[in-house]
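Submitted below is the structure of interest, expressed as structure tokens.
Just so it is clear, A, B and C label the chains in written order, and each chain counts residues from 1 on its own.
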Amino acid sequence: MTVAIATRQTVALTKRSTLAILRQPVLIVPSLVFPLFFAALSASSFSKTTRLPGFPKVDSFLQFTLASTVIQGVLFGSITGAAALATDIEGGFFDRLLAAPTARTGILIGNLMGSALFGAAQSAIFVFALLPFGVRVEAGLLGIGAMIISGGLIALGISSLMSAVAIRTGSAEAVQGAFPLLFVLLFFSSVFFPRQTMHGTYKTIATINPISYLVEGIRSLVLDGFSGLAIAQAILIPIGICVLGFVLALTELRRRLGAR
Amino acid sequence: MNTSSMAVTSNGDEDESSTIRSSWGLAVRGLRNIRRLPSAFVPAMLMPVFTTIAFSGTFAAITELPNFPTSRSVNWFMPLGICFGSAFAGVGLGFSAIRDIETGFYDRLRMSPTSRWSLIIGPLIAAWSRAILICVFVISLGFVLGVRFTAGVTGVATLVAASLGIATICLGWGLGLAFRFRDMRGAALMQLSMFVALYLTPAQVPLPLTTGWLHAVARINPVTNILRLARQGLVSKSSVDSLSWANTWGGLVAILGMSILALIFAKRGLAKLDK
Amino acid sequence: MTLQHPIVAENLSRHFGDLKAVDGINLSVSEGEIFGFLGPNGAGKSTVVRMLTTLLRPTSGTARVAGFDVVKQADSVRRSIGVALQDAAIDPLMTGTELLQLQAVLYGIPANKMKSRAGELLERVGLTAAGDRRVGTYSGGMRRRLDLALSLIHQPTVLFLDEPTAGLDPMSRIALWDEVRRLNSEGTTVMLTTQYLEEADQLADRIAIIDKGQIVREGQPRVLKSSVGVPTLIVNVSKEQLEVATAVLVTFGEIRPTGDNAVGVGLRQGAQAVTDVVRKLDEAGVRVSHLELNEPSLDDVFAEATGHRLEGETQ
């Protein structure tokens, strides 16, 4: 198979998976509205906490919370793509794709690109929604660009992990069931509050949770400005998740095909 | 033709006892399902546990804010967890009602000559039982995590009262929506509205520490009173929020008023099912 | 106390928006009758039953069941009727016994009689051994039987059976028919909705056919069938005697096409002419090897009334 054909197929599937998300306002609206609601809520709740010892130097809690909003929104949004894949598997569409002479990786990427694009769009929307409320992104336009790319990569990574679940179980319900796990991962990290203010076991868990470093990278772009370390955290960690997710998903795919 | 008006006019006492019996029969069914359909109840049980642990761990430092009413973050967040869990217990029976309507089982209940109130009181008893289970479970766990009831047993009682109140309100609201939507859209709306109502309060920090729009909304949200009722036995005795009649009556009035409205909403919805 | 007409509907209508699901029907079911209510899907059958069983309020018109108005005296109607629902809606998480006991509580059966009544009914429908199993594990036939038992908990005088045998295997279906006949012989008035013409033919004393929200035929199956035509008698004889036999049979009605070595005749006077036919054939010296009488079917009635056939569409 030539690279050109494989690319065309991947593009076609990307288009389909993107449209599949756009056509479901029931899924899109909550993953845009909720994170913004929680941003507004915590800005009003925690505005006085920014003077606590250990809290990083910020203009406002809202500025601190921008990175939280991006991560939270993108993580929840990426459930959508994986659930759609599970539905494809349940409905038999996925098998039809596999039966076609299409590259496996292409199928997988095509199916997840919709999520990735949506994740990037979410990041952009969150940043531009908070800017009018006095939130400054110290790293400037370059930083915003990095955040958008990061959002896309996070979505791609998480949805590839979820796809491994979807391919293994073939059930949309199982994918939805993994949702609370994401919640746990999110909370036991520094996504919502600075790690420096935490104590004891909780702090230890947040310190070993990779999500902490991811959010701190993005947050550093917002609060401190452009730096190699921040970029590395915001981009390389999601790439790591993508690699892990794709390896798992392709392994599950091979297992699924081998089982027949 | 003298067609038996006999069958209709049984005396009032009997009617009352049959309402209680029917309610109890339906409540037992709701309770049995805890064991038989754990996937519906376990999340309602884990959710308050998670809220308690995650919130008090993540936001541990907020107790260092000036005038924060307690120095233990678990004391502050466990009541919130219990309120969330109780709300879930209430709307959970709304989910069951939707399931029953979708399978047609609810037709069977509606066709029976039992009093219409028992179709609401039955699930209410089940919701209360679930809320009590949540209280027992989460408070026990709270003790392990270092929760201290500053006002002793009375503080436990006010927390349980708040839990039962929220379960009642959410049950009425949940059933009312179930009867009107009759499908899973109702369930989504139940959860969403419940979350919003509970979050538009001093859920995370005390009212004086909230600012801006949230301060304005939380001040007039009656659920704020219920949260104050729930928390008053756990904040330090020197705090203005500690156990007192002044911190109690507002919560009780809110529970009473919202429960009555929610149960009427449910009863009216039930009557609309044959339309 | 008896009622001559336990189910009466007058001008009963139910509209859903612009759709006239039920459009001014009149019904009268006599005491002790099995009344068959036939119609294709979406004809309004279930809507009528839902109104008669207090689940749905009529848009206009009235209905009385067991002497009570279905809207104003809904509670009394509920006390008098038993209903077995279309899809045997039962909670899969409960056991048969638990469901019967809950039903008993809801119908106000005294606590001391509850257990024995539940036990009796389980036995009656042959589910004693399965009583403590969850309903989710029951087969289709078992669910229907449990559903029937549930509808009998308060010994109703009027029983509504909505598609009681849909999806059942032939054995289970016949067992359920027997039970319905037994109940009817004990004095219960039965209103049966069904899409199976054979079921209506087997069970019903009288039937009504509903199509597009209106009742298009009503009466005894036999009368309805004879109204659409006379029965066909098919006589098999040897090749040599075909001509003689035809000459005899033509005096009883018009000759109808049949297979080889057989003569068919539409009996002008109906089935009672068969004995005369046999006597005349005997007198003419014809030896009959096989004799078959084909009545017009309810499907013929249905086709004549609605312009389309029910059978084959749904089965």
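Here is the rule we go by: a contact is a pair of C-beta atoms (placed from the backbone, for glycine too) under 8 Å apart; a residue touches a chain by one contact, two chains touch by 3 or more.
For clarity, every value in this text was computed on a predicted model and none was experimentally measured.
Engineer: What shortest step count links chain B and chain C in the network of chain contacts?
Structural biologist: The fewest touching-chain steps linking chain B to chain C number 1.
Engineer: Please indicate which chain is farthest from chain B, where distance is taken between mean Cα coordinates of the chains.
Structural biologist: Result for the farthest chain: C.
Engineer: Would you identify the chain whose C-alpha centroid lies closest to the centroid of all protein C-alpha atoms displayed?
Structural biologist: B
Engineer: Once you find the CA centre of chain B and the CA centre of chain C, what distance in Å lies between them?
Structural biologist: One centre to the other, that is 48 Å.
Engineer: Express in whole angstrom the distance between the two chain centres, defined as the mean CA positions of chain A and chain B.
Structural biologist: 33
Engineer: Just give me the whole-number Å value for how far the CA centre of chain A lies from that of chain C.
Structural biologist: Result: the chain centres lie 60 Å from each other.
Engineer: Any idea which chain B residues touch chain C in the complex?
Structural biologist: 1-4, 7-8, 18, 21-22, 24-26, 28-29, 32-33, 36-37, 100, 103-105, 107-114, 118, 273-275
Engineer: Spell out the residues on chain A that touch chain B in their complex, using ranges where they run on.
Structural biologist: It is residues 37, 40-49, 52-55, 180, 183-184, 187-188, 192-193, 197-199, 201-202 of chain A that touch chain B.
Engineer: Touching residues of chain B toward chain A in the complex: what are they?
Structural biologist: 43, 46, 50, 54, 57-62, 64-65, 196, 199, 202-205, 209-215
Engineer: Spell out the residues on chain C that touch chain B in their complex, using ranges where they run on.
Structural biologist: 1, 3, 53-57, 66-68, 73, 75-76, 78-81, 83, 85-87, 89-91, 93-94, 98, 101-103, 105-108, 111, 134, 150
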